[in-house]
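The letters A, B, C and D name the chains in turn, as written, and every chain counts its residues from 1.
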Amino acid sequence: MRYLTAGESHGPQLTMIIEGLPSGMPFSKEKVDEELLRRQKGHGRGRRMQIESDEIQILSGIRFGKTTGAPVALAIENKDWAKWTEIMSPEPEQEKADKRRVSRPRPGHADLNGAIKYGHRDMRDVLERSSARETAARVAVGAVAKQLLEFCGITIAGHVVRIGSVGTERIDPSQWTMEEIRATSEKSPVRCLDSAAEKAMIREIDEAKEEGDSLGGIVEVIVENVPVGLGSFVHYDRKLDARITQAIVSINAFKGAEVGIGFEAGERKGSAVHDEILWSEERGYYRKTNRLGGFEGGMTNGEPIVVRGVMKPIPTLYKPLQSVDIDSKEPFAASIERSDNCAVPAASVVAENVVAWEIAHALLETFTSDKAADLLREIEGRHREVKDF
Amino acid sequence: MRYLTAGESHGPQLTMIIEGLPSGMPFSKEKVDEELLRRQKGHGRGRRMQIESDEIQILSGIRFGKTTGAPVALAIENKDWAKWTEIMSPEPEQEKADKRRVSRPRPGHADLNGAIKYGHRDMRDVLERSSARETAARVAVGAVAKQLLEFCGITIAGHVVRIGSVGTERIDPSQWTMEEIRATSEKSPVRCLDSAAEKAMIREIDEAKEEGDSLGGIVEVIVENVPVGLGSFVHYDRKLDARITQAIVSINAFKGAEVGIGFEAGERKGSAVHDEILWSEERGYYRKTNRLGGFEGGMTNGEPIVVRGVMKPIPTLYKPLQSVDIDSKEPFAASIERSDNCAVPAASVVAENVVAWEIAHALLETFTSDKAADLLREIEGRHREVKDF
Amino acid sequence: MRYLTAGESHGPQLTMIIEGLPSGMPFSKEKVDEELLRRQKGHGRGRRMQIESDEIQILSGIRFGKTTGAPVALAIENKDWAKWTEIMSPEPEQEKADKRRVSRPRPGHADLNGAIKYGHRDMRDVLERSSARETAARVAVGAVAKQLLEFCGITIAGHVVRIGSVGTERIDPSQWTMEEIRATSEKSPVRCLDSAAEKAMIREIDEAKEEGDSLGGIVEVIVENVPVGLGSFVHYDRKLDARITQAIVSINAFKGAEVGIGFEAGERKGSAVHDEILWSEERGYYRKTNRLGGFEGGMTNGEPIVVRGVMKPIPTLYKPLQSVDIDSKEPFAASIERSDNCAVPAASVVAENVVAWEIAHALLETFTSDKAADLLREIEGRHREVKDF
Amino acid sequence: MRYLTAGESHGPQLTMIIEGLPSGMPFSKEKVDEELLRRQKGHGRGRRMQIESDEIQILSGIRFGKTTGAPVALAIENKDWAKWTEIMSPEPEQEKADKRRVSRPRPGHADLNGAIKYGHRDMRDVLERSSARETAARVAVGAVAKQLLEFCGITIAGHVVRIGSVGTERIDPSQWTMEEIRATSEKSPVRCLDSAAEKAMIREIDEAKEEGDSLGGIVEVIVENVPVGLGSFVHYDRKLDARITQAIVSINAFKGAEVGIGFEAGERKGSAVHDEILWSEERGYYRKTNRLGGFEGGMTNGEPIVVRGVMKPIPTLYKPLQSVDIDSKEPFAASIERSDNCAVPAASVVAENVVAWEIAHALLETFTSDKAADLLREIEGRHREVKDF
């Protein structure tokens, strides 16, 4: 299973092709649109997000509510494309090209190094694609993967565990069902499970906004009921935890990722890190704790997957950063292009969906990939094997 | 450029094939052996490490001190193979197979989930390959990549920034040359640049050892003089920072990775995260700070790459963890197979080398890949372009 | 460089995403549309081809007539989609699904084995994607690759060398420029360079049509001015001739491919197969003959690439083939869905374009891939190296 | 599943790593050695082949006669390595390097274009790796894949259908069991099933030898009991017939490949090409003929796979070809390095084994890939599905 995405922030549309889905998987346009909507919400988003309401068009691969096995092409139209046809024209019109050239790279963006790499003197040729608009494409793709997980009995949820200086305690998994995590984070404008922290986060966002500053944060994704043995220790590039890490860090503005207690594992002693193995007639093998976040040896171990990613603050600030015009080499104060000052809640939705893709990908790599029904049967077989091992 | 590794902890040898190296690259066996030696040192390693002294055999792809362009095969013999021929026999001798079966999975290892995945009732069939012995193979491969980087004027260094409760301050890059970082960390038994922290780390390791406990930590890798524009923002799976993250987390026992200030970026305000862009006649574009660790938009931006990875404590402890025998389902106290209690200094060498591979890989993806001399010429061209942009 | 295609024969559109094009490459929509038009022509095509006139929409990756480096998404609308919205609906409407079910597999198509693989009782779920309609997508993608080749001074041409019993002699390359091959084949309704054979081919097609039968044939693709050393002997999966073979056989209805004199090489003696190496001050190294079709050791050798592919006759005939209904298991005479009886001229256009892709792909693998201008400079460097070797 | 091979013709050994085999697959060293031996036989081979007797060393991934799931590393030692240590030294000894330089490229080999690509003035740096010696590595790898096929009830056989001017009729599959094909070809010194043709082939080889000339030919590979639906029509690069074609053409000296009646399909009418679909209570679906060689839509259809490849004559002749010294630019008569004059029988063994790999690869892509026993169970499930469809 693989996918490609295409599309610029102000182009006509985002386009996605997913190749390798099993046939017979129930497919709901509404569920994809719902994920797109979730991505657009959250305290700290500017006005653009509130106006647009993304939805997909299904262009292939789905018939009568199910995947056929053929590639699935999806599109998300850009609502304000009409205003941009001239600036974004594919036609060779040099005059127009010169008129609206962007010559001022923004710190924290791909503008300058992207322009050097691809030889662009108009940095719009970079920023249109490097924009976080692309995360809508990844959410749509992930939302398809999520439907495969759902079909296979695997549930996923994301929430925000830090915004700026406000962090939360690790949740006690015995106190929260997946359903509760999903419902509670969904109701929160910052997707936080802890209502005291939620209030503090909102306040911090508002204060930063007044100062013309921005905030990042940390998101957590949990996946439950994953079969044992996805990924593999036999070769480094098959370790699923490492692949998930890559997927998370490849989200725009993410600077790190960790599994289970992650960086805290560097501070603790071994006896306070590893998860003891228990067994009972009813549950089979299980762990007293889940500090390793569902992974041993790069493989799922049956405990819930717990991963976190850190998002840096949005680089475009009212309080401007210094930069240099590439024509004149004169310094300038980097311009503002949008008014969000915190996108962490939205990023937690993106993170959920990119993780969903990696899990679905691992399922199809491990088990059969032709028919969804066969895949489900095999996953159930693996669950039984674990029980009987 | 790609590679495969093979080999068990107690098999005859580790075997590595590297395919896709440019021709005409100077190749030194000694430099590879030196990296292997570096991996074997460090306070906290047990006796096995002190006895063995790994070295490579060159099996193909090198002639008269240079790569030919053909695949490079390398082997590292296991010195104590003679003692293991019976237990590790490839011959179908069921009697022997039954005699020394491992039925007791160790927490924190791939033993149990690996055995379930691959259907092994003898967990030796898992632990032999999941062993951190494999990191020797990755170091050897990375040591080849390092020689390509060296040929291209790119330098790399690693050091330890945390062991257990002892962390160090971020180094001020203006105070340290790469040469100094390499020399200082090399002299330290814990590969730490800060001599006060070094002492505390050693003490903490010794104390943990006495308690029968183990320690993890955090390592940092720095890469200097990397051309601008490795990786790409145009598609998520081409972001080089994310690939490096995967490479690091795929090292045995690593649970997370971050770029630049990483997780700290979630706590700070935007104005304290992004690196302002400056320009001067002599230096061209440069940054006042390097909090983003050399990456914007998933691409190198010319500043030094700074990445960190966290290693969990070694799971095999004198102070045993509880587990369950897979035959009897009886609980037992998980057995000790080796006497290291902290492998973080060694892991920093592994991290250096896996990062070296990713950079070398990105170079060959971006620029020409046939001849090392042409590659160097193109990299120099890119450096000039940056100057003149 | 990679691409994905999506889309059904009677769906709303074909969708293509090309990822990895260098920036700054001149891009002409007209040139793509021209290739699509060429694919639709040819004696032996039925009415559908004559009515439709495919053209692309540019959805991303192109700005002001040039590639930006971002993924290029293209679409080709299906003109008669309006008539098919009900039968091809993505909505879960089981009633409609049952009404128009295809239960009769056609021999020579993917219908039966595709239905078994993906578990479809309605074989429309197979035939919509397995249709040769998909070759329009591959032509569009190849037409983009062709523009890269053109930018790099590489020319490509295709022509038909056999239809049914009518074959032609191998052309004497000293007698034909690429321009002449292109112009002459373009004027021929069967894309044949030999006017006597052309008449016989047309007659044979017409006769077969009257009999209710169909014809296949053989197409040849020639590529000139390719730099020496694309592909590599160092690993089997890097041999470019083999990759081109795969690309050709992956065209719908193709059953084989050969390089240079191909299968004839099995009949001749060695002294009548290999191409002697000559050298002169003006030309550098060259060959007296080009029986190996521009490849030695899986690499280009500077002589024109010459490859051929064989297309089987269209399986849907007026003169029906026997098959079995999957519901009743009763035999039936396989139904006719379209009226083409020979698609070889069109297939030669497809072959040209899929070969163009493979060459472009090899260029970007071998040389730099960021900017088209740098790529061109490197290719020119390689040409000089050959001269001076 | 993937593999890499390494090693030079006169280096210490060939090295192979296979990654991704399922666990629990029976592994026999003898079966691999037998394939290696088969590759070394055949009328027309020179003395080197008769002296050496290749055998593998197992370096990892196998324990007590079964795969563990870990990468399998194999080596084939070169028996005469001792004589070559100086010429093939990896040490930087420029003096030795200059002494035995090869400056005379042989037509039909990778010598000249390989030297230009990789910048070698000593063409030994090319010819050592481009040598057909590498096919021993591919046979060893294929012989492992063959054991997986055998475990899954899939049989494979190869034979020679043409050497020079002597061709054979297509065999009537109803007249030959796989066992008979294997046994009969095994006994023939030219691996030919037709004893009259066999004699003529031997005569033609002997005559060519006397003339100082060489011969190529055509080999056929047949695979029986393959499950329906390997490969896929949904994306061009998943078509299994095309992948097999690539695998065959990537064998040294192969110039083309075809599936079923292949190039003949271009000459026949449609009614004489396609295979009608029949059904009976006992057999389920089956075909009256198998002209398409077991493939429709790029997928297996349950009929035996039949593929052919053409090998050009060995380029190194007693009757020399003209070439040019790269130093002096003087013409010379290309030198002889070995005394085989026909390697087609051996090539048929290579072809069998590379096809075996592609089938095994497709099995693991389609079905589960963790345990061999589960794979077998799924394949049997697919056979039942076909029966019940």
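Convention: a residue touches a chain if its C-beta (ideal position, glycine included) is under 8 Å from a C-beta of that chain, and two chains touch if they have at least 3 such contacts.
Please read these numbers as outputs of a predicted model, since none were measured by experiment.
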{"item": "More contacts between chains, C-D or A-D", "value": "C-D"}
{"item": "Chain of greatest Cα-centre distance to chain C", "value": "B"}
{"item": "Intercentroid distance (Cα basis), chain D paired with chain C, Å", "value": "26"}
{"item": "Geometric centre distance via CA averages, chain D-chain A, whole Å", "value": "44"}
{"item": "Overlap residues in chain A, where contacts from two or more other chains coincide", "value": "4-5, 19, 69-71, 117-119, 126, 129, 229, 232, 234-235, 370, 374"}
{"item": "Contact footprint of chain A on chain D as seen in their complex", "value": "19-20, 69-71, 229, 232, 234-235, 365-370, 374, 378, 381"}
{"item": "For the chain C and chain D complex, residues of the former touching the latter", "value": "4-5, 105, 107-119, 126, 129-130, 134, 138, 162-165, 167, 208, 211, 213-218, 228-229, 232-237, 239, 241-243, 245-251, 255-263, 265-271, 273-279, 285, 287-288, 292-293, 296-302, 310-315, 317, 319, 321-324, 326, 329, 331, 341, 385-386, 389"}
{"item": "Partner chain C, residues of chain A touching it in the complex", "value": "2-8, 11-13, 15, 17, 19, 23-24, 26-27, 29, 58-66, 68-73, 75, 88-94, 96-97, 117-120, 124-126, 128-129, 370-371, 373-374"}
